[in-house]
Amino acid sequence: MLDAVKTGLKPEGDRPEEACGVFGVYGPGLDVSHLTYLGIYALQHRGQESAGIAVADRHDVYMHKAMGLVPQAFDEKILGNLRGDIAIGHVRYSTTGSSLLVNAQPLLVRYQHGALALAHNGNLVNALELRRELEAKGHIFQTTIDSEVIASLIAQLDTGSVEDAVLGCMEKLRGSYALVMLTKDKLIGVRDPYGIRPLSVGVIGDAYVLASETCALDAVGAEFVADVAPGEMVVIDGDGLHRRQSPVAGKESLCIFEHIYFARPDSDLDGRNVHTIRKQFGAQLAREHPVAADIVFPVPDSGMSAAIGYAEASGIPFTEGMIKNRYIGRTFIQPNQDIREAAVKIKLNPIRKVLAGKRVIVVDDSIVRGTTSAKIVQMIRDAGAVEVHMRISSPPVRFPCHFGIDTQTQAELVAANHSPQEVRQLIGADSLGYLSLEGMFRAVQMEAGRFCAACFDGRYPFDIGPWMKNDKYVLEND
Amino acid sequence: MLDAVKTGLKPEGDRPEEACGVFGVYGPGLDVSHLTYLGIYALQHRGQESAGIAVADRHDVYMHKAMGLVPQAFDEKILGNLRGDIAIGHVRYSTTGSSLLVNAQPLLVRYQHGALALAHNGNLVNALELRRELEAKGHIFQTTIDSEVIASLIAQLDTGSVEDAVLGCMEKLRGSYALVMLTKDKLIGVRDPYGIRPLSVGVIGDAYVLASETCALDAVGAEFVADVAPGEMVVIDGDGLHRRQSPVAGKESLCIFEHIYFARPDSDLDGRNVHTIRKQFGAQLAREHPVAADIVFPVPDSGMSAAIGYAEASGIPFTEGMIKNRYIGRTFIQPNQDIREAAVKIKLNPIRKVLAGKRVIVVDDSIVRGTTSAKIVQMIRDAGAVEVHMRISSPPVRFPCHFGIDTQTQAELVAANHSPQEVRQLIGADSLGYLSLEGMFRAVQMEAGRFCAACFDGRYPFDIGPWMKNDKYVLEND
Amino acid sequence: MLDAVKTGLKPEGDRPEEACGVFGVYGPGLDVSHLTYLGIYALQHRGQESAGIAVADRHDVYMHKAMGLVPQAFDEKILGNLRGDIAIGHVRYSTTGSSLLVNAQPLLVRYQHGALALAHNGNLVNALELRRELEAKGHIFQTTIDSEVIASLIAQLDTGSVEDAVLGCMEKLRGSYALVMLTKDKLIGVRDPYGIRPLSVGVIGDAYVLASETCALDAVGAEFVADVAPGEMVVIDGDGLHRRQSPVAGKESLCIFEHIYFARPDSDLDGRNVHTIRKQFGAQLAREHPVAADIVFPVPDSGMSAAIGYAEASGIPFTEGMIKNRYIGRTFIQPNQDIREAAVKIKLNPIRKVLAGKRVIVVDDSIVRGTTSAKIVQMIRDAGAVEVHMRISSPPVRFPCHFGIDTQTQAELVAANHSPQEVRQLIGADSLGYLSLEGMFRAVQMEAGRFCAACFDGRYPFDIGPWMKNDKYVLEND
Amino acid sequence: MLDAVKTGLKPEGDRPEEACGVFGVYGPGLDVSHLTYLGIYALQHRGQESAGIAVADRHDVYMHKAMGLVPQAFDEKILGNLRGDIAIGHVRYSTTGSSLLVNAQPLLVRYQHGALALAHNGNLVNALELRRELEAKGHIFQTTIDSEVIASLIAQLDTGSVEDAVLGCMEKLRGSYALVMLTKDKLIGVRDPYGIRPLSVGVIGDAYVLASETCALDAVGAEFVADVAPGEMVVIDGDGLHRRQSPVAGKESLCIFEHIYFARPDSDLDGRNVHTIRKQFGAQLAREHPVAADIVFPVPDSGMSAAIGYAEASGIPFTEGMIKNRYIGRTFIQPNQDIREAAVKIKLNPIRKVLAGKRVIVVDDSIVRGTTSAKIVQMIRDAGAVEVHMRISSPPVRFPCHFGIDTQTQAELVAANHSPQEVRQLIGADSLGYLSLEGMFRAVQMEAGRFCAACFDGRYPFDIGPWMKNDKYVLEND
């Protein structure tokens, strides 16, 4: 169900939205722009609004970015013009309001020590504060993205060593950030002190690769080496890879929603495979919320792994129950009111002969506002199912995210204001089961504290008090 | 695996390719162009090369068609300009050679009795012969598609009743055709005497809908009424729906590949659900080719239903084992030789942690040339699988198709020249099992004779002798 | 003023509109598609709606055509794909109603004797009659252009010699046509028996070139050889150029409007230079309609040559008085009503300091509906001119054209229903002088009979009686 | 000849290139974005590389800019989304190296006192110095345009009054600048202390308009009020128009090349009409360099007004001698070497019948490198002229421009290194006459000191010593 918004069917926007994927490669002698094209192609699920690549060739930095998907933003000629030894890339998701090319990434700036390109995944909670400080010193801003604030800070702090400036900057930043940056001769990767957003390191021979997810390492034929540690900066230059740790203390707190929904099933995050974790979520869900039924099926594609796990644990047969149109994209022309109702199945169509007369369990990864779930339940009933049991492979989303997920304010979170029983009624299911917080952590086989699950439990990894008051404090997520 | 070509990754073209989807609606008072847009969107899997819609408004016929996917071919303004009571639509697949706008459909012609628009799915085996006859009479041709031959024949035969002309034309046509046509005040649907390509009828209130698959009926909120019978013509006009049967005798012979690969799982073809049939193929395959293994997974998406059936019948756990990049489209920029090998996983990536150390069964729907299968087996081994057992939910493809599938000539069909054991060696699997012909028909729960399975058994539904000699006899598939 | 419509400022459409330019080259060893690109670029003033090129390479014929200007229709890749020895090209103007790609030219057809591509400038008056005859024999039509009728006729008549078929076809065609055609190994040029539209022959070394105007010969570095004679067919093949004369008798009747407005000043038509003729029109106009004034200036660009001639003959100083915006194109966004009046000078702006306090003579080539002239006179007065004398370098347009000019029916021709004195009042000028018919012919230094001046005198070169009744008889001009 | 580069025919780049046009409107209740669209359309001759519009609506500022011509950058939807009371617009020319969207204008920034959009025509000679100072304070830069430096300076200096900040900024800027700026509720126009680039003020009822040239006032129906004085700032807000003078002393020094080539003939610059001045240049040229000849004609369009003046003063008949293709644009596909020579006349074609056997005088506005002039002379000779006398309506260009014209360094200026006699030989003319410096000023009827003619006499309006050393000191012209 979480794919709803990604299809551009706006009325459905019923889900948290991930914001951005980053990629970098240090590879003298390799076709680094093409590798980066492949890398961000593999991360396309993390952002479909804009795509960009910056390349350094020892002398200068060149960049191309454009609105749309990776294949829309780049063609052979553009890619051929981006020659160099080092490259970074970015794919972006953002809310409509700021859907402007000026906010696309990477951001390329020039300052007293040369060119610097940045690509950011995450969200600073003190971006506005930092920006106001810089503005008070007479700085101007041309975008609404965190990267511009970060670049300005680095420029302020750089007294000759960009590495020192980056570490200094980290002391000022509050929030989530997985950053890849390049100068004319260095590739730099940084992960915030809590490691809220993922960032991995791989190698292709002598070359180094950084990526938000390991699926992008696979896509370029890179071998996984390690994850960038929370609070760590990795710098790759002519002398190889150097690691430095920020003195800012943090506690490992990977966003649990990466495992629930954002990441691709074939990625490993901090050593754990996403598909496997999701299957365990489903199995645990089956243990927590068993029900007599004839079939189990997922809301494609987001509920797939958990549905397999649920079916296996419950012994109830797994099947496909709804088919997703693989071609619906951003440019779908909304039908007028008369046939809109008719058109709801253009995107997701139940298989009548599979569902008719059956007691069914339908598995999805999460519920945000609940409107999409209600439509799905109705669709399944219309197809003839006699009982519809919805199972959600995560706990109720009750708190807003401040670290890079575009959730609505609390007022829009159906679970923030309604009990599971009320939600069940709202979506029209015969039963509804959410995975418990404890069950979720058990499935991940880790103590709760190693993840950020604030959207479920309200326990943010650090005090975001001063910024939290104002729901609109963010400039823009990256 | 069959999706390979659809992604535009040309080196892989290792599969039969479907050719075209058709849709029609007779709906005074409805937004027929938008309904047709939705209808062909739901049929997009049947052809991604071009899309077109023709609309009749009692006085005249208007048309728009363009290269590319439905959302690329149409925008709100274009759709808004196509106003009328009747519409037909078409999506086309074709080989590169004739990938020209002039060959897009519908075809709109004017002749002595007015305007006629045609959309065709299928392939005439005597198109060239018919065209030569018409050329000998001084006719000119502007395209290489069968529809132009059909339109010329209808124009020749029409002495005042287009219905009589269509029936007369059917006596001359040899081959497969599901046709939808419109004049300024009539919608006509025709299915060849053998019913090789599917065509269904639905209703939305008083309006009638025709579609290649029932998933397109669902997409527009239409209720299924009946399938057009082999050799039947349905005509919808101001007096409702009329049915006439061609005197040409035929035997029901739906293309079995529709069930194996072409149709969407949520469609019903001549009353049978595609997903359910595929699951039965998989279950039968498990009975015919059992093997001890740890997991069963599909080549996404084409092997999905059969893999579920195989897992259920065998008791071996079902899982996802490879993840398909949902964003790879036609415009993928091929990397240069150096990183092409690296880039193979951009499209399909194995989940290492699921496969490592496992004995795996991977299920796909068919093998044509075998090259893609070989890559997949290698990829799975590289991910750490200790045994790779490939199972194919259809028999070996040994004969060319003459009815609308773009298979290579016999020389390219790996199974035409190699035994299953040889194919197993070529693709590098530890074992390979094809579904048997008998098992396939048993799964469909019908005597063999009700389907065309000529690509497997060489028994074409009628004698195509004179045309069969020359592999290049076709003008073009529609 | 005649440029008004060409700018896409629809409200102004106050003028006859030319329809199409044709070009052909037979040049084994040359880059014939690029030469044709240059050739139709030089003819762009004859049509801005669509552009197309067809190329033959001894084996087959390839084509590309698209809506828009030549540089919009072609890029380097498209041009590079059109390889061969022979090429033809076409640029088209047409009324909005049929502004469809399907009507773009060349038209490429295949018939029993192979491929044939045609490009047509002109208008058949019996196209509908011929089409009805063909339809009665069961032929279908996919366009509304004359070329399709011509191609069908040739296909009907070809018994082995395309040349004989073309000559036979000419016996059936009534109207104006300058045609270039190619088969896989021949380039053919034809001019109607009255030579209403121009067509010239040039050479580049051993290669032959055909073009609507000699400016296109210059553009490709070709040397002018001869004009195709009225009723003549030239055929260029491996044995060189062959000339054959149609037995159909005609009298040389080049459209006088080619000299007045359509052709480029640097072209020679049947041996006479356009700029020079226009200057003579202006000089004669000065003799016929002298007036005391301070300055003479043209409506740019169409009145330029005549204004120079008028100034020289009258001894009144020539100047620029209005400046045309060189960048206004088809996509100009019409301002809303509030600022439309304000925006009238975006296209044509008077030079106040030149006009203020002056008695001015403004020269234009023709008046059709009169609305544009009225705006121009007002604009000049607003700029401070104390007297505005309009001089028109052609006689009053009083009769419709049937040979390729898109004039309105008689009702819209201001001079058909008003005396010059009334027109003067309508446009608000202090005086108005039209060139006389006799003066026009004297300027051309030829007896009246050598030109078609039917739009002025109603004397069509042949009896168009049966078709003339119906103003809407034409299918489409080419 | 000066149009050569504008056509995109790179090999010809033989001329100074203007850089940018600016426009602004303060018009509550008016459709300010559409007015600005018209305004920059009228200024399109000042820059064809990119176009942009920023609009303020009391609350915020919105912007759209894109590469290409005005009609390519804007469509109805984009324009409709730019709603507000105040707008500024910009068209840009630039050298290829920095032909990037990031360098398009207006530049929109946000700083501590809100949003500020800037559009600049001119060139700062101390931009790099100012930028280095800002970088030393830790500022970052995202573009290479002067506007970013200006915006940063204003942000530094703004302590609550943007007007004071702008005046303060002017004390730091050295070079030429005609600037229009807007905040959320103010429109500001500024002209450098020497008035090197033009800027005029007009009114439409209560609304105010600023424009680089008066032709843009005409295009929006505005009445001319005054020119912004050198060193003056005009501010328009809810209380009307306010004028403040910068304390920085300057001497009026309008760029004389505006009169020679840049401005449109229908514009008035500081009260003088461009066409009239050019005609006077031509007349003076006739007096200085008489020669016996049969005809006088211009290199279109740049030599037009001067040729008219030359012809009138000399008594030799004026004519058109070469015709320019009005459709050649930026996307012209360069022919390969074989036919490049042939294709030279695609852009500019001599009228043989006018030139053959004649002694001709061809008038152009300037010569920079001389290569285009040589081609033109050759072309005229090839057309049969027996004597070719070239007359240039400006003195030899011998010094580089530092104020906004993209001239080559001195080494490329043919007149910097060759005497007129040598240039005559290089271009192959029978005689060559340049307008003298004294003659030029006499024609303008002003003492020499009121214009900047440094490209001719090397006397820059102020000491540009420190920057002049390095030819590459500029970041970018605007």
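A, B, C and D label the chains in the order they appear, each numbered from 1.
Just so we're on the same page, contacts are C-beta pairs under 8 Å (C-beta built on N, C-alpha and C of every residue); 3 or more make two chains touch, one makes a residue touch a chain.
Bear in mind that the values here come from a model prediction, so they are computed numbers and not experimental data.
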Contacts common to chain A and chain B (chain labels): none
Interface sides of chain A and chain D: same vs different residues, half threshold: same
Longest centre-to-centre distance from chain D, chain (CA-based): B
Distance from chain C to chain A - Cα centre to Cα centre, in angstrom: 60
Computed distance of Cα centres, chain C from chain B, in Å: 48
Chain C: positions in contact with at least two other chains: none
Pairs of chains in contact (touch as defined earlier), listed by label: A-B, A-D, B-C, C-D
Residue ranges of chain C touching chain B (in the complex, touch as defined): 101-102, 107-112, 116, 132, 135-142, 148, 151-152, 155-158
Residues of chain D touching chain C in the complex: 30-31, 34-35, 37-38, 41-42, 44-45, 48, 69-72, 74-76, 79, 204, 215, 218-222, 264-266, 268, 273, 275-276, 279, 301, 304-305, 308, 311-312, 317-320, 322-323, 325-329, 331-333, 335-336, 338-339, 341-343, 345-346, 349-354
